[in-house]
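Letters are used for the chains, namely A, B, C and D, taken in the order the chains are written, and counting of residues starts over at 1 for each.
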Amino acid sequence: MIPLTYYLLLAGALFTIGAYGIMTLSNGIRLLMCIELMLNSANMNLIAFSTHINDASGQVFALFSIALAAAEAAVGFAIILMIYRWRAEIDIENMNLLRW
Amino acid sequence: MDPTLTAITTIDFRMYAHWIVLLPMIGFLLELLIGQYTWRKGGMFANLSIFGSMVISYGCLYNVYVQHLGFWEYSWDWFYPGIVAGFTVDPLSLAMLCMVSFISFLIHIYAIGYMGHDCAKHVYFAETALFTGSMFGLVLANNLLQLFIFWEMVGLCSYLLIGFWWHKPEAAAAGKKAWMSCAVGDCLFLLGIAIMYTIMAKHGVTTEVISFNQIFQHLEVLSSSVVFGIPALTIICILFMCGVLGKSAGFPLHVWIPDAMEGPTTVSALIHAATMVTAGVYLIARAFPIFLAAPHALAVVGFFGAFTALYASTLGLVVNDLKRIFAYSTISQLGYMITILGCGAVIGVAAVALALFHLVAHAFFKALLFLTSGSVLHGTSNTRDIKEMGGLLKGMPWTGWTMLAGALALIAFPFTAGYYSKDRIIEEAYVYATGHGSLGYLPWLFLVLGVILTATYTFRAWYLAMTGEPRSYLAVHPHECDWWMRTPLVILAIFALGLGLFTKGGTLFWHFLEETFVTATNTVSGIYPGIDLHEIATLGGNHLLEHGHAAEISPAVIYLPFFLMVAGLAIATGAYYRNRVDMSKYIKKENPLYQLLWNKYYMDYLFKDILAEKIIMTVFTFWDVLDRYVIDGVVNLMSWITISTGQVSRKIQTGVVQNYATAVIFGVSLLVILVKLLGGV
Amino acid sequence: MTGYTPLLPEGILIGVAALVILVGLFIEKKKILGYFTLIGLLASLGLTISSWNITTAYTGAPFYGAIVVDPFAQIFNMMFLFVGILVCIAALDAYGDHKNQDEFYALMLLAIVGMMTVALSKDLVALFIGFELASISTYAMAGFDKHDPKSIEAAMKYFLIGGLSSSLMVFGMSYLYGLTGSTNIDTIAAVFAENTALIGTPAILLAMVMLIAGFGFKMAFVPFHMWAPDTYEGAPSIVSSLLAAGSKKMGFAAAFRVFIIGLIAMKLDWYIAFVILAVVTMTVGNVLAVVQKSVKRMLAYSSVAHAGYIAIVFAIVAYPYASADATGLAVAGGILHAFSHAIGKAGAFIAVGAVTYMLMSKNAVDGDPNHIDNYDGLGRRAPLTALLMTIMLLSLAGIPPTFGFTSKWYLFLSAIKGGLLWLAVICVLNSALSVYYYAKVIMRMYWGEPKGDAFIEPPMYLFAMTIAVIALIALFFVPDGVYYWADAAAHALLGV
Amino acid sequence: MIGPISAIMLTLVVGAIITLLTNSTAQARAVAIVSSFIALAISIWMFLTYELNPVTHLAFEEGSANNWISSIGIGYHVGVDGIGLPMVLLATIVCALGTVYSWSESKRPNQFFALVLLMDLTLIGVFVSLDFFMFYVFWELTLLPMFFLIGVWGGPRKDYSAIKFLIYTHIASVIMMLGIFAMYYYNGINTGVYTFDMMTLLHSYPTLPISSFWKNFIFGALMFGFIVKMPSVPFHTWLPDAHVEAPTVGSIILAGVLLKMGGYGLFRVLLPMIPNASPYFIYALALFGLVSIIYSPFAALAQKDIKKLVAFSSIGHMGFISLGVAASVAAGLEGPRILAHTGAMFQMFSHGIITAVLFGSCGVIEHHTHTRIIDDLGGLTKKMPKFAILMVAGFFASLGLPLCSGFVAEFSILGGSFQTLPIFVALAAVTIPFTAGYHLWAVQRTLWGPYNEYLGDIKEIKWYEFATLAIWTILFIVLGIYPQPIFNMMQDTATYFITSGNILPIGGIPI
């Protein structure tokens, strides 16, 4: 049986990678993926904890969060699609009409 | 006896004293509002109201002097308990009242002719009426506050009348100068009143706190008070003295009087010779016991007065403006009065009597001199420089001869009014000197020197104006004034020459006046007992002589002034009538003494060019900078800092979403650190 | 009261949303759906107000205590519904002839349901669900003008930062769950109460800070605020008003529940966090609002600043020396200020929308329709709009006679009562500074020179603004009712 | 049954609303004049039937504590006493005549007159409030009408001035608000009653056991709010700008009544708190007053704009108020203290009237010659002799000429203050010549001297300007000769304040 700490470390690593990605990348899709990554790291935590203290609600939480992540991704793709229609690219670094 | 006359004699005019003040005020309003639609476009109400005041004044005199109804004082509570409006009828106020009302009335008559052609005549008469009323109020006041109020009101009228020809810049400037010079004194006078109120209150006085008789009753206790470590009474008297210097044109606040000659000559006669400028003398006379009870106060008064007397008379020597010559002589004569009041430290209430007698005499002959010079201006279309006159006596005999009468009185020619008033003053100054060591001789010395100078400059003016050949075409055919103006001249001349004789050489006057403080005063509520001036004097470290001291003075001293006067007269005659001496040898720019006098000892330069324009204006500019750029600058700086901070820091919002994410994540990390460090305590 | 009747308001909204979508598929004249939505919202509001002081905890099936109906939830629901009504009325003009307006109404209803769920939820799961429901609907709404690049960009930024912060939030929640073994806020509180060793452990601190970040994104605390100005500026005005007035308050509802109930045991830790955040937020918001040239962006920054004012509630509650009635007054004041800010800010954004609408209708726009220059002389071009907007700005500035003044009075009074003088001083100085930029707009409206002739003012916009203004002024004169409600909410929250 | 105070407020509210709905100068003017004169009539009626309640020492009291927002103890509670009623009278007089003065206002007349009425309303509200919430609400509300008056009808730099006026005084008010809060809180925890009722708070305040920090904070915060409004140097810089840009009637109300709010606060709020205050605050108050008195003439003489000159003059005159108040609460004999205190109160009324004439004159000059720069004027007497009389009267009243109300006030302050603050009084007295100086300077450069022909052919003063200025002039002259009606009313209240024991161990000359 793998100790809890490993899961947590892995989740933390995933979370950090996602965060790093969001800070550095500029492609819309990749950003979306980074967010998913972070969400999933959180889900991983939840599941790990729930098995650790064998309590179901964590897994329920994870399920909900997966579903919501899907919905979020849907909206996200819609938005990125709009961006593509408008600029024929999804490189969002160049989008700074709104600033200062 | 005529029943109506008996009816009049049964009237107690003292009960109507307040009408003396109110009538001219009403006259003022009527003149201002409807005056220009009345007889001769104004002047009627003023003359009538002042005539009314005069009648009441002489009625009061009759009551007190002939019927011996006693002194009378009555007052109403004003806005605060102990602060009253009141009127006092005693020899002091009566002497002033009768003089002021009479002369003012004559001058108003004169003005009907003199201002005949002025378009704003009703305003002029309104202002003079207001002035006269205020002067009555000042004289009748039974308390310091009321006296100060009317003191300021006469100042206002003086300002307005000097600047009556407002379109002349110099007239407006002169008015302002007059007010400013007085204001310097007046603020200190007001401070003195405030101190007096305070210490009276400290001693538990609650009724009529600052009315004179009340103060006199409490002098013993007051003399123990100390302000800023100095006896309170001395401070108060010094402050009053500052007010006097302003109003009575004492050195160094005298500078406004010569400029004040920009006003109509009647104004000069009424305000700057006969009445207003004497208010200062009257104040000291009225508050005499306080000065007597205050250590060193009277000495200050005496020395300032004497110095002013000499100082002004030297200036009179070189001026060429006829009116200004008389203006300087006014300053100098006021100096005589103030000096003798200072000598009161030795001779007591007699000083008041002497001062007032000289005041009245001076009022007559100085008013006469001014009116005559006014008539000269009138007749020679406003020539004021005596160098451009000459030989006017032929053209305007009435004016010339009456002016001679006035001049003789001024130089104290025997048996004129001035002779009786001034020479006694000089004697008493000598008496004072004998009591006060070598330094005590200074006032007397100044006064006697003043005599010779007075004679010189007076007759310099008269000779240059009246005798010799006309020195300008304006002076060739002067036209004599009309009867409106002539009558007052004659009447005044009679009094200038005869006042001394009418009053048995002034003795009647003196004996009447000497009752002033020592006799009880009746009031509605009760009676103020007379005060013993000898005790009062000891409070101030003075001790009064008994009467009949004049005998000890050697005749040399007594007759000295007469000989000096003759000498001065001789000099003037020699120089300007017989022209034995060529004055142009002395009157030239190279002569430093002449320079000094011509520039009035550089006093105007000091006040106007140095103080007013250099120093004060610099201060103002500096002040403006301070206000604009320092105090307001701080405020604007704050707003500038805020806005520029915003302008700079808004750039952080780059608009690139990754940076926002970065901010979020770094915010989290930072917050974790901070919470770890600071939290949990 | 038992059963689900207390949840009827939310039920109605969900039903209406479904109906709107379905009917929208078939009919052409869709404006009727707007009125239908409005009726639904009104009914829901009526129910909420009528049952303002009930308290129902759903223990046992089927919510496992995840949902609780108490005055605290009700007053926030009332706020959301009120804002929703304003937005819906304005939408009747804004999207009256838009071909997909039914989606707008549906999304708005769902967003409101999500917010209400957050206010009702006493369990992290339910809270998260409501949170996401509101967020996702509003992501879509922010990009509703899909031909306006700004709107798209706004949606994009909102979405990305929203996603980031929701993942932060879940991550924090996961640790919380892991360390306390429950997702129920009461249980969490209980665990902390008995097991004090947990307090201050790094993991908990991390979880707490991540929760702060997650909620702070909605509440727009500096430095989690940077999306807010852009999104509020770019999104359609009425959507901005929903965001600024609705979902911002949702963040506060969540934060109140989680921190003041769940994490009250470690208040000394979040005291520091919230004090720093409050001061920085209000200062940054005001200073940056001062220099804005776009009125909409200025309003965005001002709502950041207002978040800072409300955040002092946490500081006061956590302040060790604050007395009980001080904390009660603080929470009540915070809720009141949230309410006044919701009305004022919603109305102000609607006013901005009205101006844009009027400019568009004259197609007299050069560049940014929200630029301050377009407001010159509005007092003469559109007198009613200008007057109403002025009053709402005064309310935001906290100048009587408006509810904004009263709520600030309560809030700052509680700061003094709690003994945090220095915080109160910072607050009042900030609010005095804020007067500057509100007054700037008023000046331009009333003594700028009009650039053109008079407008025809859109009736529904006016109607919405009028409701808001009437509410603001009426609540100034009779704040007692809503105060007692907020007081009950505070007691429900603090459990005293 | 509503009492007179509510009646005044209702009249003005209704009047303002109706005025806003009119659409021509004539209509707006008519409505405004009618309603403001009704308010004036009511206040005069109050003045005539004024009778103090011996217990509360109030008159025309309405409402009670905590009857409005009972949750935190806020009530609609109004009433007046010997200082409040004269202030109400002043506000109604100045605003009523102000509406007449601005007879020919043609720019947005309905808004203009409505704002004047609102100004009147809010000022009266400040003077009658007996509840800190109401007091503060009205205190803040006064900002708005003045802000709009300056902004819409103002001069070239109106934006700067309006915003400066708003922010500057608003900051002062919010600080004051915190002071009120602290007072409320400490009263609550010590007495158990949480209320904003002024009378309750002020009555219990002196006995509250408060830490010296909070004591100083409360007093300092309130004092700061008041002296900024008065204004006192160095917090005065908003005033000249506001005056220079404001329309004439705005300046008249601003200087005539709005500044009095600060002084009123000293009497109504600060004074009862003094027993619990540190003596240094009294010195500070006196110092602020003295500095203002000394500062104003120097600053005034440097001005080019006659309106700014007049603005600085009112700074100096308000300085006398704080000086008198400070002196009147120090240890000493009651007689002079009451005199000083009453003098300070009377100065509030008298300055209100006199300054109205001054600003009215500036307005006339601007309206007729289209300039206010003193150097461009001169010899106006030639064209407008009637106006010259009024302006001279106003300026001399302002420099403290006897037989005008200003002298009564200043003498009372100086005479009453000397016993406790001798040095201050001496310094204040010696600045009188400077005050006289700039007044005379202005008059000389404006009215006397040769007429400046560049001004063209200007007309004599308009009848409505003449009428208003003349009424104010008559008023201050009558009050200068017969001040009893108002002075004694104030004196009763002053006696009540002083004898209720606000003794502090400061000052006093050795006797």
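Throughout what follows, a contact is a pair of C-beta atoms (placed from the backbone, for glycine too) under 8 Å apart; a residue touches a chain by one contact, two chains touch by 3 or more.
Since the structure is predicted, the reported quantities are computational estimates derived from the model, not experimental observations.
Of all chains, the one whose CA centroid is most distant from that of chain C is B. More C-beta pairs touch across one of A-B and C-D than the other; that pair is C-D.
For the pair chain A and chain B, the distance between mean C-alpha positions equals 97 Å. For the pair chain C and chain D, the distance between C-alpha centroids works out to 43 Å. Between the Cα centres of chain B and chain C there is a gap of 78 Å. Mean C-alpha positions place chain B and chain D at a centre distance of 37 Å. Residue positions of chain A with contacts to 2 or more other chains are 19, 22, 92, 95-99.
Listed for chain C are residues 156-157, 160, 164, 168, 229-230, 433, each touching two or more other chains. Residues of chain D in contact with two or more other chains: 167. Interface residues of chain C facing chain D in the complex, by the touch rule stated above, are 323, 329, 394, 399-401, 405-406, 409-410, 412-413, 416-417, 421, 424-425, 428-429, 431-433, 435-436, 439-440, 443, 446-447, 479-480, 483-484, 487. On the side of chain A, the complex with chain C involves touching residues 11, 15, 18-19, 22, 28, 31-32, 35, 38-39, 41-43, 45-46, 48-50, 52-53, 55, 57-58, 60-61, 64-65, 68, 71-72, 75-76, 78-80, 82-83, 86, 92, 95-99. Taken together, the chain B residues at the contact with chain D in this complex read 78-82, 145, 148-150, 152-153, 156, 159-160, 163, 166-167, 169, 171-173, 175-176, 179-180, 183-184, 186-188, 190-191, 193-195, 197-199, 201-203, 206, 224-228, 616, 619-621, 623-624, 627, 631-632, 635, 639. Those residues of chain B whose C-beta lies close enough to touch chain A in the complex are 650-651, 653-658, 661-662, 665. Contacts from chain D toward chain C in the complex involve residues 69-72, 133, 137, 140-141, 143-144, 147-148, 151-152, 158-159, 162-163, 166-167, 170-171, 174-175, 177-178, 181-182, 184-185, 189, 217.
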